[in-house]
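Please find the structures below.
In what follows, chain A forms one complex with chain B and a second complex with chain C.
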Partner chain A sequence: MNPNTAKETYLDAMGAAEKGLAGAPSWLRELRRSGAARFAEAGFPTTRDEAWKYTDVTPIVQAGFQSVAKGANGVDPARLDGFWFENLPSHRLVFVNGHYSEKLSTPGAWPEGVTVMSLAEALRDQAHRIEPYLGRCVPEKAHGFAALNTALFADGAFIHLGRGARLTWPIHLLYVTTGAGEPLLSQPRNLVVAEEDSQAVLIENYVAIGESVYFTNALTEVVVGPHALIEHYRLQEEGAQAFHIGGLHAHLDRDGRFTAHGIDLGGRLVRNDLRSVLDAEGAECQMNGLYVLGGRQHVDNHTHIDHAKPRGTSREFYKGVLDGRSRAVFHGRVIVRPDAQHTDAQQVNNNLLLSRDAEADTKPQLEIYADDVKCAHGATVGQLDPDALFYLRSRAVDETAARDLLTYAFARDVLSRLRLEPVRSQLERHLAAKLRVAALPQTQEVF
Partner chain B sequence: MLSIKNLHVSVDGKPILKGVNLEVKAGEVHAIMGPNGSGKSTLANVLAGHEHYEVTAGEVIYQGRDLLQLPPEERARQGMFLAFQYPVEIPGVSNIYLLKSALNAIRESQNLPELDAMDFLALVKDRMKLVEMPEELLYRSVNEGFSGGEKKRNEILQMAVLEPKLAILDETDSGLDIDALQVVARGVNVLRGPERAIILVTHYQRLLNYIEPDWVHVLVDGRIAKSGDKTLAYELEKHGYGWIAQESTPATV
Partner chain C sequence: MPTSAQQLDTLLKREYKAGFVTDVETDAVPPGLNEDVIRLISAKKNEPEFMREWRLKAYRHWLTMTTPAWAHVHYPPIDYQAIVYYSAPKAGKDGPRSLDEVDPKLLETYEKLGIPLKERALLAGVAVDAVFDSVSVATTFREKLGSLGIIFCSFSEAVQNHPELVQKYLGSVVPYTDNFYATLNSAVFSDGSFVYVPKGVRCPMELSTYFRINASKTGQFERTLIIADEGAYVSYLEGCSAPMRDENQLHAAVVELVALKDAQIKYSTVQNWYPGDAQGRGGIYNFVTKRGACRGPNARISWTQVETGSAITWKYPSVILEGDNSVGEFYSVAVTNNFQQADTGTKMIHIGKNTKSTIISKGIAAGRGSNAYRGLVKILKGAENARNYTQCDSLLMGDKCSAHTFPYIEVKNPTARVEHEATTSKISDDQLFYLQSRGLSTEDAVSMVVNGFCKAVFKELPMEFAVEAQKLLGVSLEGAIG
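Right after this comes the complex of A and B.
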């Protein structure tokens, strides 16, 4: 399918979807329309766009991915067992090919002040609670994929934490795509609203059952109220032939804290846009990212931290391991607005190349318009330290084991920042499997 | 135990060692001294198998085997140990993990079973007393954030745990205060025995106040210019290296 045909096909789908919105509230119809209009205007990004210079989405456009109706491709609950974290009780919500599955979900009981449900259902029954937030965190000039999601998303999670509400268990959102032959598109849309002083941990987990070519175009908005605390895990372990475009847009109020951990182990072509606006005094944002790539995998992380108000803190720590002919892109933009005095921002991106044919493009971009701030950044692309290799070998560790050990230690540095131990240890096992090494003990453990 | 014959080594095409001959027997302690740039560290590194050094001529026989054919890990498994002049930091790999991996790799090559966690820990704790190292450093990443003295102690700890047959200490004494120097000396003296050999590479005579060498060799411009017993070290301390350099310069025609 050529780009114009693809665009027309999606525009047709938007036109058809609009007819089905006759009974929907006007704000929602307007939101959908604005998504369609933006998509019509922006279309699919090309490598001529600066922000997409290294990431060519032609294969996504050409494949002509289409969404499927709810209920298609049923999943046996037993197939999900391996996706849950051991020793981690959680509220479990399952989405199959972009639709909430009541049958597969075990949300459990919610404490007072907490609402968690399918976004489609919420839009049907409680639209007034969504109206003030949905679409507000996404910038007007968002790229075509974000617009496509706004125009055509079917479902996702709606999470509302009332004032002072605190969740003990994390909410585990599992997005499963099932291989069924057709080039399948799923477009989850999530909305998280954390009112003043509320706290929760969210896990967005993207996985596949079976090997197929599919496309996940996900978008999550997080509204962090005053003194609220949201810890967000995005664990991308899509199938080897999958395309994944993900947006995570957060808005932080006074003393709000937002931590985003993004782990990319899967997927063939992946682009993440992570954006956080520190829009009131004392807000704190942490972003930790790890990508471990092999073969012809391509992962592009575009992060954007907007310090709009004084005394904000941001810490960004991204690391990548690239083998085979893989390619990684990191673009870390930090804006410190004139108002944002006493901002403290740090950004680090380190890339480890294991093969001659792997490539990493890293670009820190700091724009500082305030004068009393502390900002630092560092970006590296390198290979294993030959002196460290020799040191290990001189201590009887054979060369392959020494390489694996150093690589694993490099990557695990990011995982050690994940607060949830069961998530951390499971990811360490996945990381070890991907690097073909035996999982190592924690530094703090005896063995 | 170790026999070095006419060893020539280049680094980046530049000859550094120009015909070194050295015989080390089990039970002996040899000190290799010499001015800066004479090739002392090159000799230590080439024995341990660093790839950066190119052997252009000569041979090294270690326990009857052609040492230069063995990869570094195999040399370590055959009982060779290099205490580095500048121990490298390895973030994310804990000290104790490295110790255990190293010890078990060596034991495996000797057809010995792995030490279980309890025995291993008992052994390590015992050797830590010797080097007066706080236990906390065991669980930290290898050398990461260690002071210069702690790094050197850590090398000696590894040596004490691995109990090598041939230990080479590359300027382990440089930059150490007297306390740390004594710790290093104690580590070496404990290891000393009829089955083992030790090569001390050092610029200063100071360390030899605590470890008495059987032989002292002076390396000048890539060759051993003079060998003698421990009294040679005192002469070097008194008169410096200049006189040997002159004495050993071949007459030109």
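Right after this comes the complex of A and C.
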């Protein structure tokens, strides 16, 4: 399908969807319309767009992915057992091909002041609670995929934490795509609103059952209220043939804290846009990322931290291991606005190239309009330290094992920053298996 | 100061009777750009056919291009049809006739920098041809260089006398299709410098445009080509450390360096064009394309720049590391004060094995200045064991200025080691307090900290230049603190 036909097809779908919105509140119709208008204007990004210079989305455009109506596929709950973390009690919500599945979900009991439900349902029954937030964190000039999500998303999670509400268990959102003949498009949209002083841990987990070509175009908005604390895990383990475009847009209020961990292990072509606006004094944002790639995988992480107000702190720590013909792109943009004095921003991106055909493109970018700030970034691309290799070999570790061990240690650096022990240890085991080394015993947390 | 100005004045008045004004009149073309203007420029310079055709090819290509908008600078669109593309000595009748007519601010600056009087007049654009014997100065040096086989002349002379070298190397590093401003330059360039250092010759002195006085007013569209043949060495100084009185809005120069096997080129610039006044009015748009190619093994190209002038600087001196073991270096200090904007940096393209590059960039933003580092480090597949180290630091003075870093790193070879570090901060209060508690004034303390910040770059400059650059920094940042 050529880009114009693909665009037309989606625009037609938007036109059709608008007819179905007759009974919806006017603000929602307006939001959908603005998404459609932005998509019509921006279309699909090309490598001529600076932000997409290294990532070519032609295969996504050509495949002509279509969303499916609800309940197209029945999934046996037993098939999901392997996706849950051992020893981690959690509120479990399952989405199949972009739609909430009540049958598969085990949300459990919610404490006072916490509302968690399907976004589609919330839009039907409690639209007034969503109106003040939905679409507000996404910038007006967002790229075509974000607009596509806004115009056509079907479902997702709506999480509302009332003032002072605290969750003991993490919320585990599992997005499953099931193999079907058709090139499938699933567009989850999540909205998280954390009121003053609330706390929660969220896990967004993207997986597949069966091998198929599909496209996930996800978008999550997180509104972090004053003194609220949100820790967000995004574990992307899509199928080997999958395309994944994910957006995570956070807005932080006074002394709000937002931590985003992004682990990319799956997918064929993956692009993540993380954006965090520190819009009041004393806000704090952390972004940790790890990508371990092989084959022909392509993973692109674009992070954007906007220090809009004074005394904000941000820490970014991204690491990648690239094997085979894989390619990783990292673009870390930090903006310090004229007002944002006493900002402290740090960013690190390290890439390890294991193969002759792997490629890393990294672009740390600082834009600073205030003077009393501390900002630093560092980026490296290289191979394993020959001295460290020599050290291990001189202690009778064979070369392959030594390489695997050092690679594992390099990547584990990021995992050690994950606060949830069961998630951390499972990912470490996963990583160790991938790199053929025995997982190291648990060490002290970094925090 | 008054006495020396008077002395000069008398000199000027005496010599001025010679009246070269008519000469200038005949040597200008009407504003605007079309193929006829290019043919006219080419004809006036009596150029061979290949040159004319090259210019026309560039012009036709330029028509298909649009102004680049990616740089972090803002300026009103330039009317390319309003520019006069060829006017030989610019310091003609429009220029001041004596130092008395020159902006006193400018003279004050010369005083501070300790520029020799003769040089001051030259820099201010006063008609100096008659003031001192430029011809003899130029010839002395040329004879000495000529005995070693070194060719050092204006670009126009090179086109006349060494067309084979020009044809072989012109556009081989910066092709006429390269970018909007380079293409424009290729079509209309007026003059510039040409250097050829033959095999195994080490150029015994620092070459600079200052010594080649006859071509120092080449103005807007300068084109420089430097070739170091196998095993040769040359150090070239561009520009002057004092502000040039030049009202031209657009400067689009091109510099090409070619270093063959075992050759080394060191290119130093201290750029201090007119930056506009404190309100941001006027000033030069300095849109320059500079690139060097290490064509053979063990070649080495080093760029050192101190950028303090111009309203807008848009400049990325780059090195293409083709030969194995070749080395590229970039040392830069960029200062923006008042309303100045700078978007500068480098590109290091690693193609050969064991190629190395070092990038040290120091940006200082004061007033409402905007200072951006933009760089690319590209390691191609065949560049085994390539090595890059990049450090770009920014210093902020005042809460209205801004500093940005846009580094691009692309690595396609696993044996490469690429490191990039950047920091941005303001001058530390602790450092200032320490210095002031030892009796230094605020100004001196700031100046000391700033010079320390830039030391890694200044030590790469030839000695006399380094001293002037330090003074210049002080002048540029005057009034930024306190």
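Remarks
By definition in this document, the second predicted complex is superposed on the first by the 441 of 447 C-alpha atoms of A that agree within 3 Å, B and C clash if a C-alpha of one lies under 4 Å from a C-alpha of the other, contacts with A are read in each partner's own complex, and residues count from 1 in each chain.
In the analysis below, contacts are C-beta pairs under 8 Å (C-beta built on N, C-alpha and C of every residue); 3 or more make two chains touch, one makes a residue touch a chain.
Remember, it's a predicted structure, so these values are computed and weren't measured experimentally.
Overlaying the two complexes via chain A leaves chain B and chain C side by side, clear of any clash.
In the superposed model, A:Leu392 lies in contact with chain B only, and not with chain C.
In the superposition on chain A, A:Thr220 makes contact with neither chain B nor chain C. When the shared chain is aligned, chain B comes close enough to touch A:Leu405, but chain C does not.
When the two structures are aligned on the shared chain, A:Ala370 is found in touch with chain C, with no touch to chain B.
When the two complexes are overlaid on their common chain A, residue A:Asn272 makes contact with neither chain B nor chain C.
Shared-chain residue A:Thr55: touches no atom of chain B or chain C. Looking at the shared chain after the overlay, A:Ala379 reaches chain C, while chain B stays out of its contact range. For the combined arrangement built by superposing the two complexes, chain A sits at the apex of an angle of 70 degrees to chain B and chain C, based on C-alpha centres and given in steps of 10. For the pair chain B and chain C, the least inter-chain C-alpha distance in the overlaid model is 12 Å. Of the residues of chain A, not a single one touches chain B in one of the two structures and chain C in the other. Against chain B, the residues of chain A that register as touching in their complex are 385-388, 390-399, 401-402, 405-406, 408-410, 412-413, 440-441, 443-444, 446-447. Remark: chain B residues 48-52, 71-73, 75-77, 81-82, 84, 87-94, 96-98, 100-102, 105-106, 109, 117, 121, 139-142, 158, 162 touch chain A in the complex. Contact residues of chain C toward chain A in the complex are 70, 72, 379, 381, 394, 396-426. Partner chain C is touched in their complex by these residues of chain A: 50, 54, 338, 341, 351, 353-356, 358-383.
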